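Next up, some structures in structure tokens.
Note that subunit A is present in both complexes that follow, paired respectively with subunit B and with subunit C.
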Partner chain A sequence: MKNLKPVLIYVKNPTVIATGIALLLLVVGEFRAPGFAKFSQIINMLTVASFLGIVAAGQNLVVLSGKGVIDLSVGKMVTLGAILGGAIANGMDSGVVLAFMVVMIVTFSVGILNGIGVTLIGIPPLIMTLSMGIVVESMSRFVTGGLAVKGATPIMSTIVTGRFLDIPGIIYIWIVFTVLMIFFQNNTRFGMSLYNMGNNDEAARLSGLNVTWLRITTYGLSSMLAGLAGFFYLGYLGSIYNISLGNKYTLASVVAVVVGGVSLSGGKGGYLGVAVGCILLQFLESFLTVQSIPPWGREVIMGVTLLVLLTAYAREKKLRQ
Partner chain B sequence: MNTNFIKLQWLRTGWKERFRKAPYLLAIAIVIILMILLGIRNPGYLKLASLTIKLKSWMPLLFAAFGQTFVILTGGIDLSQGSMIALVNVIIVQVIMLFGGSLPGMLFAVSVGIIVGTLAGIINGLILTRLRLQPLITTYATGIIWRGFALSVMNEPGGEVPMSFYYFFSGSFLFIPIPVWFLSFIVGIYLFLLRRGAVTQLKAIGGYTIGAFESGINVDRKRVLAYGLSGFFTALATIAIIGETISGSPLAGTGYELEAISSAAIGGASLSGGFGSPIGSLFGGIITRLVNDVIFFYGIDVKYQQLMQGLIIILALSFGALLAQSLSRSDK
Partner chain C sequence: MIPLLKLKGVSKRFGGVHALRQCNFSLQSGEIHFLIGANGCGKSTLSKIIVCALEKDSGEILYNGNPVNFSNPGDARQAGIDVVYQELSLIPDLSVQENMFLGSRNQGKLGFTDTKAQEKICRAALERFKGVVSENLTPDIPVNRLTADERQIVEILKVFIREPKVIILDEASSSLHSTQVEILFNLVRELKEKGHSVIMISHKMKELFEIGDRATIIRNGLTVATVELKESSHEEIVTHMVGEQYFSADKINRVPKDEIFLTIKDLSAGKLKDINLTLFKGEILGLSGLQGQGQSELLLTLFGGHPEYKGDLFLDGKKLNLRSPAHSVRDGFAYISGDRKSYGVFPVRSILENTVLAYLKKTGRKFFSRKSLRSEVLPILERLDLIYDNLDDSISQLSGGNQQKIIIGRWLMTGPKVILMDDPTKGVDIKTKEELYALMKELCDTGVSIIWNSSEDQEILRNADRVLVLNDGWIVDELREDRLSEYELYKAAMA
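Presenting the complex of A and B:
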């Protein structure tokens, strides 16, 4: 029995559970609807998941850094990234670099404002970022001025959807990004500080970390990653169809983070789990779409599945210990 | 000498102490300022008749924010509120149509709606406490489920409710408008709970859960109570919505939860729990709505409307947060 324990710990790891369920979905999906687990189909699902993956990376960093710390402005930031990118590049390849720089700088600055509101002024993160979301949405409106913005430039589309070995570019980008994120979280001073802050804010402060500055920067990074995802999303979509195109990412990123094993009370969970969580969510959504059940049934199953996943590993401690 | 000292102390910290006892004073002050701004621009706005009509259209948000506050006091959050509105909305409308719009049918439908809302809230609470899950993500998941059920009852906006439903909410009883009756009713429930000590217990749970547990409060049961109350008031909010729209929609209530939460925050409730008052949330809700009217009556370009709304909310919150910070600093 003794040597069973490490195996059990391994099995209870959220990343392993999420991977298991994702594979299970593929197998069951293939049985129910042949072709579901075809290579090209999986690649399609991964492509869609990659944008959520980049948004959720920022959410991961923010959630990691403390109890109740969350960024609910990311969805609107995705929209801003896409619209700003499209407006500045104006359909010409020569403007892409400038557009990219502007998107990064603007979204980073807005994130810094979020961080300042949360740390220096002391507004609850949930409300601060939601209100900032309203402001960001109106910024997107300003940029468009009510008119259609030029869509992706050819090079943007090529980078995101252009295929190499039958795999679109965004998936390579996501893989590199994942490696960088894991390195960032585990091997850099900044990333490790986030875990310290999340576990015990006060202890982190007393041991000499500049908690305020770190949190402000984390919010900046989160917004910037959302903006980055928006920029890529534009390349994927080709054109901007409405001002709410990024809204779904707000709560989806939180769900992906939790499904990936990151604790909402902070200090626990890495990006590998989050990436798997994003893939799992996308598989689940596609799986429910190909089943011949009415839309309301899909919603109910989605909700119940989330609850089951949460019960599987996101439970809190008992009060009586 | 001694009494003098105490008096001076009272003069110096009086307003802070008062703010601590009634966190909604700031919200009331903002409401008065906004009202004055509106009165200057458009004196007709402050007439009783116009305010009554306004109050009627504010009611859904006020009820939702009121209910949300009980949950926020315990340190939780109810993101399923918007979907709950949709679910109760379609059920009430379907039942009313089933009975052909007769009066007993409507009464029955309304009570079914209230029961469904309360039950949905209680289920939220039970899932949270029995499975020990986090409120934010759990109520998001149950919200998806409620929306699914709402779609199963009615898959597209439609249905018809007799106009008498609308007239009822615009009318008055004993010379007092119906919305005022409703508000007195919910405030009455709050005062009842306050007197029973339930509100204090909810705050204790939000402020320091383990301490509340150790002093003998049945934490789980009280949390379920908070979510049940949230569901109950959400059902009332839905009835007020039907009084406005006279139809059913599975998409009703989208975004209400977030407006309710920010109203509660503006009304002085702490989102980490333990501090705040449902009465304050009522004023917070009024502020949320008044801001729109101020923007409208001051003729600000529609383009800037949303921006102003966001900025004003952030400013109001910053002010409250800075005030709270200075209060806690004076404690030390």
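Presenting the complex of A and C:
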């Protein structure tokens, strides 16, 4: 019994649970539809998951920085990143660097506005970011209306989909990104501050942190990462097919964050769990697709999975007390 | 006479920590029984085990002579045993009344809540504390609008209105002002007269001898002695507590340097009016008077909590701008509050993270390796004699007093010039208190200055070089040397 305890704690860790379920899905998927867990198939699923991975990183930072703090504008920001990138590069490789810079700066600035609204003006995060999403969508409309938006330039496609050792570039990018995120959360003052202020805002302020500034910057980062994901997503898709292309990422990023063990009441949860959460979601979606389950059925199953996981995590918290 | 409650050989472990080993304890009807011991000796654990908020590993509990096996605190409450926990348990968004009746069976017909009847009980209960709490404290105010002491009072009343046979008060008086403590003691005495029993946990010796009948002393998870308080002494109890002969230190008259360090001219902010003071290098300056006369506000203002203040301040000849805590930290201030739950701890974060944040900010370090941080905090935690298992454990696993040590450690790491302390020894045991006093003096000898607000008059009179008495936001008197006495203090405070 005594020796079992550390093992139990380990098994109750959200990252471990999520990893376990993801592996289980692979096994069951392979069993039901041979070829599901083939190397090339797994790589395909990871490729699709990587965009969510980058968006969810921003959501991760925002959510852990405080109780009820959330960013529901990320989906629209993904679209903006893709459209703006395409419009400025205008199909020419020579314009890619400029396009990248503009996307980063614009999305970061819009995120800063989110942060200012939430902190200095005191608008609830839910309302602020949802409204900002509407504004961002109009910006995307304006860009597509005003300029004829070309698709990805050759180099953009190469960076994202070009393969080295049979693995597309975006996966390498995601791996490096994951390492950087984990370093950021564990080994920088900024990262540590987010956890502390998410846990006790007033105590963080009285330890000399500028909580307002930190929160504003975090919203900026979240938007910027969504914009970055959009920029890569354009490279993956090759062309922009419609204005709602990023919408699904809003909810998906929140789900991934929660599945990865980030507490919605702030102060807890790292990126490794979130990355696994993104992979799990993608595996689940692909699994349901190969099972030929219709879209509405997929959503029901996704919802139920989420509930089950949340219940498991809530139990874990209770056991520890 | 069979005891009302009896514990035999109760043990409890948390991982590698033996919180309790073979504890024995017995409580008579109509008795006020204190549990005494150093921080982390297991007092809170023992009280939680009695009501099954924690499960015991082994041992037996008898209630009215019969073995009991509660499976949760609700069962214990049914049986008439109830606790006021050390960590407050109110729900911030609910009103005082809703909190008081949360989980209680005191309901109206058909299981619906009879809010009218509840309000009557609630008002009657609050009436007891009339005059020593603000007018704010009414049944319908949400708890998050109350001050720390008012919250504690609600927590106490919540349990008292049920009139349990056994009531456990875990450091319930530590955040109350002396006038409020008096009323609490009256409530306790009334229960005792009705034949009920009270178990009290406190680090204040004065309270122990004022109201207690017996005391059980716990050391390192062992119940080492139970004494009749009428026949015991302060020295005997502390000797049991620390396991060696103990004498409290005498007051040493220190001579601070004659070098002005901090000057405050005509400071007004919030409640404060025209504060003028000078602080010398290496001095301990006490703030006193009745509680809530602006002492806490003065400390907070100095720490950047009131950016709209008026007045001029100079530290070491340099003019200060108290815009935010971040600025004050940079200028060399540190702020230690006794209300660690609101202003101090990051409950789900590790001991390590709780210790280093201000230090990283002060030194401007943006990146770090956890390993090097560890080696940097170890000497400080050692100096504070912190008892812990692992630096990565969450701070919530520590006892109250040890959490407070971490907060102190957090600021010592920043190498402060002026330490602002608002009742920093709240919930800290007697021995650690003495160590902290010694530590403060040691710091002062190295040139640090301290401004210290305390709700314990004895503490401030014995340790401060000078005491400023505040009343309604004004400094009304300055006590030094011969005038550092309780008599002079009360005279000035009441004037």
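We adopt the following convention: the second predicted complex is superposed on the first by the 305 of 321 C-alpha atoms of A that agree within 3 Å, B and C clash if a C-alpha of one lies under 4 Å from a C-alpha of the other, contacts with A are read in each partner's own complex, and residues count from 1 in each chain.
The criterion applied here is as follows: a residue touches a chain if its C-beta (ideal position, glycine included) is under 8 Å from a C-beta of that chain, and two chains touch if they have at least 3 such contacts.
None of these values were measured; they are calculated from a predicted model.
Chemist: Which of the two partners, first being subunit B and second being subunit C, lies in contact with A:Met128: first, second, both, or neither?
Modeler: Only subunit B is touched by A:Met128; subunit C is not.
Chemist: Pick one for A:Val255: touches subunit B only (first), subunit C only (second), both, or neither.
Modeler: first
Chemist: Classify the contacts of A:Asn200 with the two partner chains as first (subunit B alone), second (subunit C alone), both, or neither.
Modeler: In the superposed model, A:Asn200 contacts subunit C only, not subunit B.
Chemist: Could you look at A:Arg189 and tell me whether it touches subunit B, subunit C, both or neither (first, second, both, neither)?
Modeler: second
Chemist: After the superposition on A, what does A:Asn210 contact: first (subunit B), second (subunit C), both or neither?
Modeler: In the superposition, A:Asn210 contacts subunit C only.
Chemist: Between subunit B (first) and subunit C (second), which does A:Val300 come into contact with in this model arrangement: first, second, both, or neither?
Modeler: first
Chemist: Which chain, subunit B or subunit C, ends up touching more residues of subunit A in the combined arrangement?
Modeler: B
Chemist: Share the list of subunit A residues that count as touching for subunit B in one structure and for subunit C in the other.
Modeler: none
Chemist: What part of subunit B is in contact with subunit A in the complex they form?
Modeler: 77, 127, 131-134, 136-138, 140-145, 147-152, 155, 209-210, 213, 219, 258, 261-262, 265, 270-272, 303-304, 306-307, 309-311, 313-314, 317-318, 321-322, 324-325
Chemist: Provide the residue numbers of subunit A that touch subunit B in the complex, in ascending order.
Modeler: The touching residues are 68, 70, 117, 121-124, 126-128, 130-135, 137-139, 141-142, 146, 251, 254-255, 258, 264-265, 294-300, 302-304, 306-307, 310-311, 314-320.
Chemist: Which bits of subunit A are touching subunit C when the two form their complex?
Modeler: It comes out as residues 5, 186-190, 192-193, 195-196, 199-200, 202-210, 267-268.
Chemist: If you look only at subunit C, which of its residues touch subunit A in the complex?
Modeler: Per the stated touch rule, the residues are 15, 303, 324-326, 328-330, 335, 337, 342-349, 353, 356-358, 360-362, 365-370, 410.
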